Amino acid sequence: MKKIIALLLALSMIFALAACTSGGGTEPATDGGESTEGGETAVKDTLTIAHKQDMVDKDPINGSTTNATIKIKANVYETLIERTVPESEMKPLLAESWEWNDDYTELTVHIKSGVKTHNGGDLTAEDCLFSLQKISESSNNSVTEKMDLAKSYAVDDTTFVIVMEETYMPVIANLSYPTAVMFDKEGYEEANGDWNAMDIGTGAFQWGDWVSGDHVTLEKFDEYHVAGMPAISEVNFKVIPEDGNRYIEVETGHADIAYEITGVDIDSAESNPDVVLFREFTNDNSYLSFNQREEIFQDVRVRKALAMAMDLQSAWSVCMDGVGRPPVGLLPDNITDSIAKSDSPWHVDYPMYAYNVEEAKKLLAEAGYPDGFSCRYNTGDNSVRMAYGEFFKNAFEKIGVTVELISLDGATNNQKLKVEHDFDIYTWGIAATNGDIDYANRYFWSKDNTNRNIMGYSDPEMDQLIEDAAREGDPAKRSELNAKVQLKALEDVAIIPIYQQEDVHCYVNGLEGFVNGAYQSPLLKYVHF
Amino acid sequence: MAKKTRDKNQHHSMVGEVWHQFKKNRNAVIGLIVLCIFIIIAVFAPMIAPYGYDDQDAAHTKIAPCREYPFGTDNLGRDVLSRIIHGSRYSLMIGFLAVTISIIAGGILGVLAAFYPKLDNIIMRTMDLFMAIPQMLLAMCIVAALGSSLFNLMLAVGLSSTPQFARVVRASVLSTRGQEYVEAARAIGGSDFNVIVRHIIPNSLAPLIVQATLSMARAIISASALSFLGFGIQAPKPEWGAMLSAGRKYIRQCWWLTVIPGLAIMVVVYALNVVGDGLRDSLDPRLKK
Amino acid sequence: MSEKILDIKDLSIRYVTEEETVLAVNGISFSLDKGESIGLVGETGAGKTTTALGIMGLVPDPPGEITSGTIEFEGENLLEYPEKKMREIRGGKISMIFQDPMTSLNPVMPVGDQIREVVLLHNNVSKAEARSRAEEMLEQVGIPKERYDDYPHQFSGGMKQRVIIAIALACSPELLIADEPTTALDVTIQAQVLQLMKALRTQYQTSMILITHDLGVVAKICNKVAVVYAGQIIESGTLKDIYTNKQHPYTIGLFNSLPDIEHETSELKVIKGLVPDPSNLPKGCKFNPRCPYCTPECCENEVEMTALSDTHSVRCIHVGEFDREA
Amino acid sequence: MLKFIIKRLLWIIPVLFGVAIIVFTILYFSPGDPALQALGDNASPEAIEAFNKDMGLDGTYFDRLVRLVTGLCKGDLGKSYKTRTPVINELVTKFKVTLHISAYAIILGIILGIFFGIISALYQNSIWDTLSTGVALFGISMPMFWQGLMLILLFSVILNWLPPSGYGTWQQMIMPVVALGVNSSATIMRTTRSSMLEVMRQDYIRTAKAKGQKFSTIVIRHALHNAMIPIITVIGLQLSALLADSIVTEVIFSISGVGRYLVDSMTARDYAAVQGCVILIAFVSAILNLIVDIIYTFIDPRMKTMYESAGVKLNPKKLAKAAEVSNG
């Protein structure tokens, strides 16, 4: 019997040991928890953020551009140009100013002097050209599209010229794209391009500790190029994928900020005096569209009929739990040149084809489907889009179209939609991701090779409009071309936007300076208590 | 001919005896009743349910349980009671078919292994390999490979528990095979197939039935867990695990969307477990012999 | 020879379950003098083992309960003993050898430790002393003491029974109850074990109750015999009384069912019928359904013991009215 | 004995290769392009091709299988498609977390399970017995993920006592450990109960009683020791089951362990990571099984004799038992 007791003891020792050794790696998380309680006397200068997903990698140019990753990297690496939100203006960040030559083929960039990198270097024009070169070699090289980097040159330490292959206006927006970051050449070469070993950015924060899947910490960069920033000395991103839990973390004081809280938590947050809500519309719409490689959906009457069967207002109120809004146009109104802007000379109301079941039925009959038809509808595995799917399934049935819902996981769905084109109806998102409307236009460009044109929309006239718009240097003319693209897409029912997304974050009362940056990445350098 | 009738009588008395033992177990009887109720509900779902499972009502979303909607309504304004009632079809069907799949696949493999020593090693070592992967993981991989759909979910759950059935069947067949009447049947020239079908299968049934009942409980839980993780059924089918998963984000305001499907799963699984326990206990004296 | 060590009077034990009540022992009385040994003989299910468990205070409760009677051991009624005091008796003053040596030893404990355990419980000795006592016991039952640390599965059935005997005798008990000690053993081993028991009993001056259905074993070891049927003693007496002057039809039947080597007969005489269902005992004489001499009176009233001599009594109203050899 | 352990350790190797091949084959036929997932929407065809080459995703089934097996021989589980770092590094940190929680959970499970199992068996049919068997049956009937959600609903949302997610502080540990532990304690309790009932009926218990031994000593020294054999089997199986259950637990409580890594990798089509997780879990299960077998020899001398006698390969009887109870 003694033996057994000894054995059990030994066993529990093993477990305890295992427990202890693994317990070691967990202390940083504890710090985060304490900081919220212990900050009464001095001004609190640590920040704990409940973050939806882990960062995928530290590579800012060739690495992941998932939303969650950018939200972190944007505080460590910076771009030359910054796009403000929600105005969508292009403002200097690392660059002080920039100017075009007359025929829009050369872009001269003056960078701020005295910008330090985390590894102690100075950011020079040389570094910037090197950074652009590395970007052009990466898989995210759309940023340097149409740039002729071989011919580009540095004028002096703070000035360089980007030579273009041809006129291409979206280049300014591209320079604000989160992968268009500037870094120290020397540091890069020293570490042989191993991003996990490098900290060569210019951001207000530098890399701290990263326990994959659990948390990422950032530390204050003391020599940040804007004086007095940041106020926070340490940021801890706690990874909490479970939607409801992030809000609970803030509510229970275990985090200062919760990113991406869901609609269901908005009410609770609003009624809680200790919690402040942050809401801002994003520049992307979710849309529903059809496989226009199939004969049935090539008929614009069919697309129109289905559009008219969709009650977007009701759908929004049922599916979105108060987040976002029904779409205001083909593209959100916070994109430059969007005709959804109410002051746009080309403004049209959305939806262009209002909800009307009878009319929809008539159109279907005209198109040769008096009794409707049946088709598949890929919603993906996003719960909101699934809810919309369930709602529209019911709606389409009212005009005799029976729908089989298919909610595949992300990867399989991607495969079906983008590679195999094996779908009938689907939902996806459309956005001017880099801030330039050209990015959104290309969803309708038949020559697109980046899987944006999932629906297989193809119209030579449209292609021409899109290409012309990208090449047009004159802002007014460009706006007109962009408006034509949007009008045509709406008239043709190329896609049916179904809702506009919204960023909903919340933070504890007492936290100040919480602003959103581009790419839905809040800029933590402004945050203070 | 005479032999056949005697067999039948024996069989009859065995069922009677088991039932007699089973009746004494109050819990098991309650479990059986609950199970029967759920089966009836599943069969007559469209008649019993006050609404269709996909009847949306944008004017009545997220209503807490009340007289009109005893289990409340969900975010799309669908009656949760009706969805639970319709959902019983999926849960029971998944449980039943998944177990059927594993019984058939496992049964064939087990019988082959037990009967043909040459195959035994190959089959059982392969089963060992599969059993080295936890069932849930295996099911996840299979669903990932097949794509998520109701049928694939059942297939994944069924296939992932096949090795266990193969073992039970093999063990039980091996012990039955040694019995004299089987030796006798072989001695008088019964073909292998004949011996298996006529003698071995009926006599190996007892442990199989117990295992099947308990496995069905497990299959329902596994399937709902997979649905919960998003590897399961396509919306708007009201499978309980999927309902729970969808209701999860409303856990703060609409507790009924998570609590009720969970309770439904638990009650059915509980019933299956007590019935399984009851069956095992009442078959026990025979198993021991 | 006249000091009474055990005196059981009117002991009744029944098992009560939801479905039925089993009357296992129905008023058994017998007594045992110091140094004497009595054989309780009867068919399986007659209540012999229950009686023994009653003496040990080990009738499983529930479902068993002792409904009447006294068990006086060295003048004190064991049934009134509290559990703690009873534990001191068990294994110390009274010990028991169980029927099946294969299952009666703890499979996960070295055999020596199992002997030592009982020594430690009843003697105020150190562990080392207890160990040497246990080793001594092993030697006495014919097992080399080197096997102290071996486990039961490393022993044969006969060896295990020897270990059990060693456990039973380790504390030199006043009374030893042996419940079918040889039934589960091979015939050759049986003889050895019996021989051993007999020798040790003499050595330790232990009184003994031997429970068996084997009349041959009784003849070898005991000096008194009680025949048990349906929870009652139906005939008791000295070895001589029973073997040469059996009176009860059941006793006669029992003896007749023994194969008789001297008078070679073509067929064994078997007692007709089965042991009565103890949950549903017949009225009157419990043996009446199977008795060839049964008369209507037999089925009316309980039959009392009739004393035939100082030592010999029998429970039959027709004593001497029939041919014993038939 | 040592020979037995070595034999069993050697047996693990082919099992791991077998598991790797099974998982690889299943995943090979899965839809969804890892490159598309890893590189995002803007990836050019050339980038995808380069990615496939870099990650060893090019070539036929057999090419890739050979690469996998040779990699395994060198202890290389491959590179994660998502992070492009060796899978093994991630696995080690994450596995510590999972092990930590599982260890506490199994300790909780063992303590609760054995305690209530013994109580239940000793006082069979008493109110305690009815209560604890009833609760245990509920325990195994409750879907784990639901149990986790209910814990969050109660302790985080309603009572606001415990943080709903994360890993590190003891407050964060409570709910996941309870969710995992209660489930396994239910199974352990049921086994303990039936095993104790069985043992208490045995003749040697009567022998011990006849020695005049105290009841409590009989229960612990004689009964529990004998009853431990099936209990240990179940505990071993529960440990493997816990590893699988931790998938759901980690998802619900946002814990960064192997389970969540597996689910994330599965959705991201990061097959190298999925393979790594499954192989690791199979390996740990195998080791746990071996430990259980070694513990048997301490508890049951008969096992030791059996192992020591020549020709021990796998213990088929035990595996059959394992089959019966696994996932229970």
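When the chains are written out, they are named A, B, C and D in that same order, and each has its own residue count from 1.
Heads up, the rule we're going with is that a residue touches a chain if its C-beta (ideal position, glycine included) is under 8 Å from a C-beta of that chain, and two chains touch if they have at least 3 such contacts.
What you see is a predicted model; the values in this text were computed from it and never measured.
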{"item": "Pair exhibiting more inter-chain C-beta contacts, A-D or C-D", "value": "A-D"}
{"item": "Nearest-to-centre chain - CA centroid comparison", "value": "D"}
{"item": "Chain centre separation (subunit A, subunit C; CA means) in Å", "value": "89"}
{"item": "Subunit A and subunit D: spacing of chain centres that average the CA atoms, whole Å", "value": "38"}
{"item": "Subunit C-subunit D separation of Cα centroids, rounded to whole Å", "value": "52"}
{"item": "Geometric centre distance via CA averages, subunit D-subunit B, whole Å", "value": "22"}
{"item": "Contacts with 2+ other chains: residues of subunit D", "value": "30-31, 152, 157, 221, 225, 251, 266-267, 299"}
{"item": "Multi-partner residues of subunit B (at least 2 other chains)", "value": "144, 147, 230-231, 248, 251-252"}
{"item": "Shared-contact residues (touching 2 or more other chains) in subunit A", "value": "244, 381, 409, 412"}
{"item": "Interchain pairs in contact, sorted by label", "value": "A-B, A-D, B-D, C-D"}
{"item": "Subunit D partner contacts - residues on subunit A that touch it in the complex", "value": "1, 3-4, 7, 11-12, 15-16, 18-19, 21-23, 25-30, 33, 54, 56-57, 64-66, 139-142, 196, 211-214, 238-242, 244-246, 248-249, 251-252, 254, 381, 409-412, 414-416, 418-419, 449-452"}
{"item": "Contact footprint of subunit A on subunit B as seen in their complex", "value": "54, 56, 58, 61, 75-77, 144, 147-148, 230-231, 234-236, 246, 248-253"}
{"item": "Complex contact set, residues of subunit C against subunit D", "value": "56, 58, 87-92, 95-96, 98, 100, 103-109, 114, 117-118, 121-122, 151, 153-154, 164, 167"}
{"item": "In the complex, subunit D residues that touch subunit C", "value": "202-204, 206-214, 221-222, 225-226, 299-302, 305"}
{"item": "Interface residues, subunit D side, partner subunit B - complex", "value": "15, 18-19, 22-23, 26-27, 29-31, 134, 137-138, 140-146, 149-150, 152-153, 157, 240-241, 243-245, 247-248, 251, 262-263, 266-267, 274, 277-278, 281-282, 285-286, 314, 316, 319-320, 322-324, 326-328"}
